[in-house]
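Letters A, B, C and D name the chains as they come in the text, with residue numbers starting at 1 for each one.
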């Protein structure tokens, strides 16, 4: 899956980090963002709270975590509590005003808020708030949540304010909210986006993925549950609230397919192992005679290993990824053929030449990138190219926090599998079935959000959007 | 192999790019450096020559190619001819004055020079030149070469000046030299460092590795031969000179083991295939009963695949590499255990837990990184850890352009294999034999420079250095 | 008067610029800020409005106008309408969030707001707004005004919203408010801070000082009157509203003494001429026998010329100002005596040696700078030093937009003139009387705000502040 | 005199600073450059020498001292000895390679060199050196001096090397040369450019102007004499050499007219006083009936005071200078009339309206700036404009270190005084006579270099230049 292909911006992709009561709170938050950089490369920010003077400190910027915090002196983010955020947005205009965490002065002090997700009733919330006199300085739906909680916080203590505010919010959200005296973590009732709790030296940490815990040496405690509001205060007091009742929710299955890092474990399953199993299932469902199995790195690697194991066809890194790719390129004017693809990947001719190749990738979104990759494979001498996708066709846009283009731009919405095969010029093309995907993640069919494949949107879509 | 471990600076690691007679010369040079970024991440520069006004243009900087040329307007590097350079140096003080290409006004115009390699008689050359009145503004041995050629160029046409200057230079060098009216490429008589010739739209390009040609859409023509001086002029005139006679030389075998990109082909062999074969040979020489084969990414991947194929033990990506690692980190003060290793790699517990693991890496240099990795594997629950190294023990420092520490700091110089095994806390440790390595690269034993393993230095060492 | 001496932050000093219906609106705004740079050196911002897509564009930064807009491409601020702001604040923490103009999405589109002044009931406004659910992202009182107008704009057209909002605001304010279809300029009923209207090529411009018009080639039309709300719309429609009725107000007399640029004309009087007249009055009131009259540049120059004319004592530039002073210095550790003063001014020994010197300055705030200057004069050989201040003793803090320290820190609040003379080590010290000052600005006594000298605060002080 | 008017680059204008044996050498050097910023705003550099490790440290950059050393940590320039340099050049391409000090490794260690001046035989020196094999990496004539001294230093101790090298150098030069064990200061036999010696806490300092000593609290000791080579070593040993013999030389008279800061004292005369005296002489030579005397600030201020004193016509600051002018402006496209002049100066209409004005400036170079200023004065309502220039007509280009355009571009080379008066549209125009100028600086006619007025070039001009 190639993000850069997307032209539209429905969604912001993000990661969260929270640290409570640790003497190096902001520094740990920074490292936690570092290890979750794959979830958002266009902006990063950390807010810390300092008990000594009751002040919030903030540092934000456009770019990678390493750029935003280049040579940063963490004494400028003092205090034992901190939350942080990285974000990705395809919107051309990446403005500092959009970078989270957001913060505000409210009646009982200051609060800071960071969100991973996407609301589906934001238009209504925003216009309602504006009618009540609220002003908005960004385009982010997170600002609506900030307003709603701030309003409830006039007359309520923090956790009550959050509990009272959340029912008006529809959508996918994992939240970290830092108040003077407590850190609140919340996950929407469907638990669409991940949020995990860990522990380090007797202090609590929260993150979107467990890989953040590994870097800072924290221990995984448990997932925050769907609809759960966790309240951390004092030195290590923790309380749990379920204002929406308890349920298993419908966590996002696409986190396994593409978005999470392979070394993360979520919802009880390891991402790498889930992907390998997708490869196994795919090889069972759509076997093919071939000489080598080649992944589109990095997301296709685990599945390709699984496919290789199941099929007995040798696994080869026939496509090399350039890991030094920055955010901008200066392209030659007399354009090099398929330049955009080449800057990220290079086909190893010596491996591919004369071979029948199984190419394993996680998705075909618009189809243009896959088409170019196949062209590159053919130019490298591949004799046959059999594309195997580790998930069903992507037919529905995500409205819950994964950045996908509009339905019209999704090739699987416009074409049949056979037509896509023709378009991308593959010798064969097969997708993993929805049943196979659920087998791979070892879950009951329908127990997760699979709307991008089935168009079954568990909490509906924004009123302005129609889904055929 | 983990470069950051090295504390000493013997050598500069580099890549070269040259473009002759192309309307987007500097832009192609930039892309060529981009794809060779792995050969040097601490500085980059391009010099272009504009026929219209007989001027050299230069842009250099500290950092990655994407940083040095961030938002760069290539109209500031006009002209149809260009050379470029990236470099890596462990010297703490990375100064702009050290960044190549170097340029000078000489008697018959201007020249620019970029080098990949390392001279062994630089101390003598430098002091000799200084005695003759030369001044040095950098610490680089490339400046000595610049002086020598400039002196010869007083009375000789460019190629003659180069031919007359080179005999006084001892060491490993691949050179690109841009004059007003010609581009000269030279490789030392032993051909220690690579240099390849390609073609794009009827224009010549030169690079350290063929992967540069793939990105810009150029076709590989041939290796520049050991001791060859190639002179390109006019629109596409090319002439070849062999002032030292013809020979096969002793190209660096370590380019296959670690340094080159796997999709590059050099000296007739593909790097990825060579590495895979090292894995095969290693599995034959040092078989072991285990559950999984895990590479230290990225350099160990191909060899681990080979090891897995030969041994039948499943290949797993049990170690995940963080690709967003920048050049600096802000470490927490109460230091996280083995932080330096963790920021680059994370062990996937779910994969390793309870397993007997074969870990495949290309080298053990000082031993500290390997020791930390094994600790991380054990913490992740690995039951047994069998380290397999795809080359013989690194016993000798390189004086020919690969950055290795002093002999004293090389663990294999200080300890036996058994002692190293104890030190790094592995359950078993085996290195590929020198014979196995030559089999893997399909070359006659001794036909390449293998001094880092054998201490057979084909052209000697600097007079100030002693090798036991 | 030396701003850098101040340790406290009551006030923000600012300048405004507005341009309506000009094809280079943002570029003119930039130049207008440039010429008003003396009113605020720590942050600058411009908001433009583009009719074609109904969007606000914004560019802000910390630093001088030349730094914030260094190499700026004004196509990034498109549209025919723009407002801009520069600010100065002594608050140590100069945050981007504080830099104006502020902007918001409100019910009928977007609005942007910039203010010069200071509210005295901001604490009450802010807490009231927060109680009603408003959130604050800066510490600026301008954010309160933004909220108030936004609330009124729910049900009212822009100018009505402003008219309804202003009565709740107490304090000194000159405002520029940019809506989709109109630009509104407002001055508080007392007209404490300046705001002038000009015209350029048939388009209206607004600024804090007339010197902005001179640079861009605009013609001065008139002062915005105290309590006037001017509404500009269409191509050049202009309407005037006086919701508070008409009055002469009490404009700030200190603009003449120190703050305005000498080439500005305000309230019908030229600042340079007013200052010269202060020098005349001072020489009449407190004559002295001396050899030379030396101004503390730049604010003391005009008055020193006046003093010289009246007294017949020669005028000399005995103190040279270093105009390259940046915002930070790296001071030597073994501190140079009176370093802070020396970096800004140097005494010309050849001029001062052996002389009886009249030193003319506009104010003595804390006294420390004057004390150091006198020490420097004495070290340069001055025989006698007679300090003449072009205004009465500064006894009251300003709460209306001029940055002064707390009353306790004002030397004239703590000491008598005689005691101050001793403290600064002058041979004589005299201040201009309040009557003399009014004569100099040719106004009836009490017709302007002179609270810094008299403690007669025409609109009171913030409830949290007491004035003895 | 308006530098920005110049389109050609003959010369580099510069300032030097040197500190020997002071624990904060680099920090003092920085401050010394700060106070000499008016001599060069386009680049700055400092080299320090650290005895402990025998290393040179260097920091250079493009821009103002405050920009180049913004947030600089002076521990990066350790050592007790340092030299520094600021430069100005009109060459469009301001490259880092041109910024001094230059440094080199030579036979007996390292040396660093900074120059203020301009060689007239550089073309010959450079081509000669290149023929001998020297390479040049900048376009600066200082690099030639570096080569010459380096060559002599092969067989000679430092001071001998300098003494042997200087005879081949023709031109204006003040030099600071830092060797491992000594600091050498040299002034050309004609002493064209200034160089002064001072003392601070028992350590020696050297600077171009005495104002540098005032800032750092150093005491002026004496001028370095024309043709003198001063050698400072040990803790405070000082030796003086006169290889060319002793003479009074021909110091540059234009330093008094325009270039030096008014608070500097040089060649025994204070610059401010010299300028005032020029005003007196001018009023005597070319009296006029008028209402006010207005200087073009800052260089015309002292002379205007003198003119006012002599003539009895009141002095007024009718032209206000904008001190926040940065290095670049973004000009509006539909260009504002006389924009370039307005950004620097604004005419105060209230002062000028209806007046007969004497405008005092130091020079008319090309005439365009003066023409625009007069237009601005007339637009401000001035009734008559009488231009008085404090020096004779500038008829000759400077080849000795002051940046003037080619002779052809000098209006006084092309036109008579009467014609210039018509061109600039003045009511009268008068220049100070050469005799008057010498009277003002209290020197015997011809005892200083006055070539810009008389075309008597005391050491000739570059061979490639002809002077009519």
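Quick notes
As a convention for this text, contacts are C-beta pairs under 8 Å (C-beta built on N, C-alpha and C of every residue); 3 or more make two chains touch, one makes a residue touch a chain.
Note that the coordinates shown come from a computational prediction; the quantities given were computed from them, not determined experimentally.
Least step count on the touch graph, chain B to chain C: 2.
Chain centres here are means of the Cα atoms, and by that rule the chain farthest away from chain C is B.
Per-chain CA centroids place chain A at a distance of 60 Å from chain D. The geometric centre of chain A is 36 Å away from that of chain B, both derived from CA atoms. One simple way to say how far apart two chains are is to compare their mean CA positions; for chain B and chain D this gives 49 Å. Chain contacts: chain C has no residue touching two or more partner chains.
Interchain contacts (touch definition given at top) occur between A-B, A-C, B-D, C-D. Within the complex formed with chain C, the residues of chain D that make contact are 23-24, 27-28, 30-31, 34-35, 37-38, 41, 64-67, 69-72, 74, 211, 214-217, 261-263, 265, 270, 272-273, 298, 301-302, 305, 309, 314-317, 320, 322-334, 336-337, 342-343, 346-351. Those residues of chain D that touch chain B in the shared complex are 96, 102-107, 127, 130-137, 146-147, 150-151, 154.
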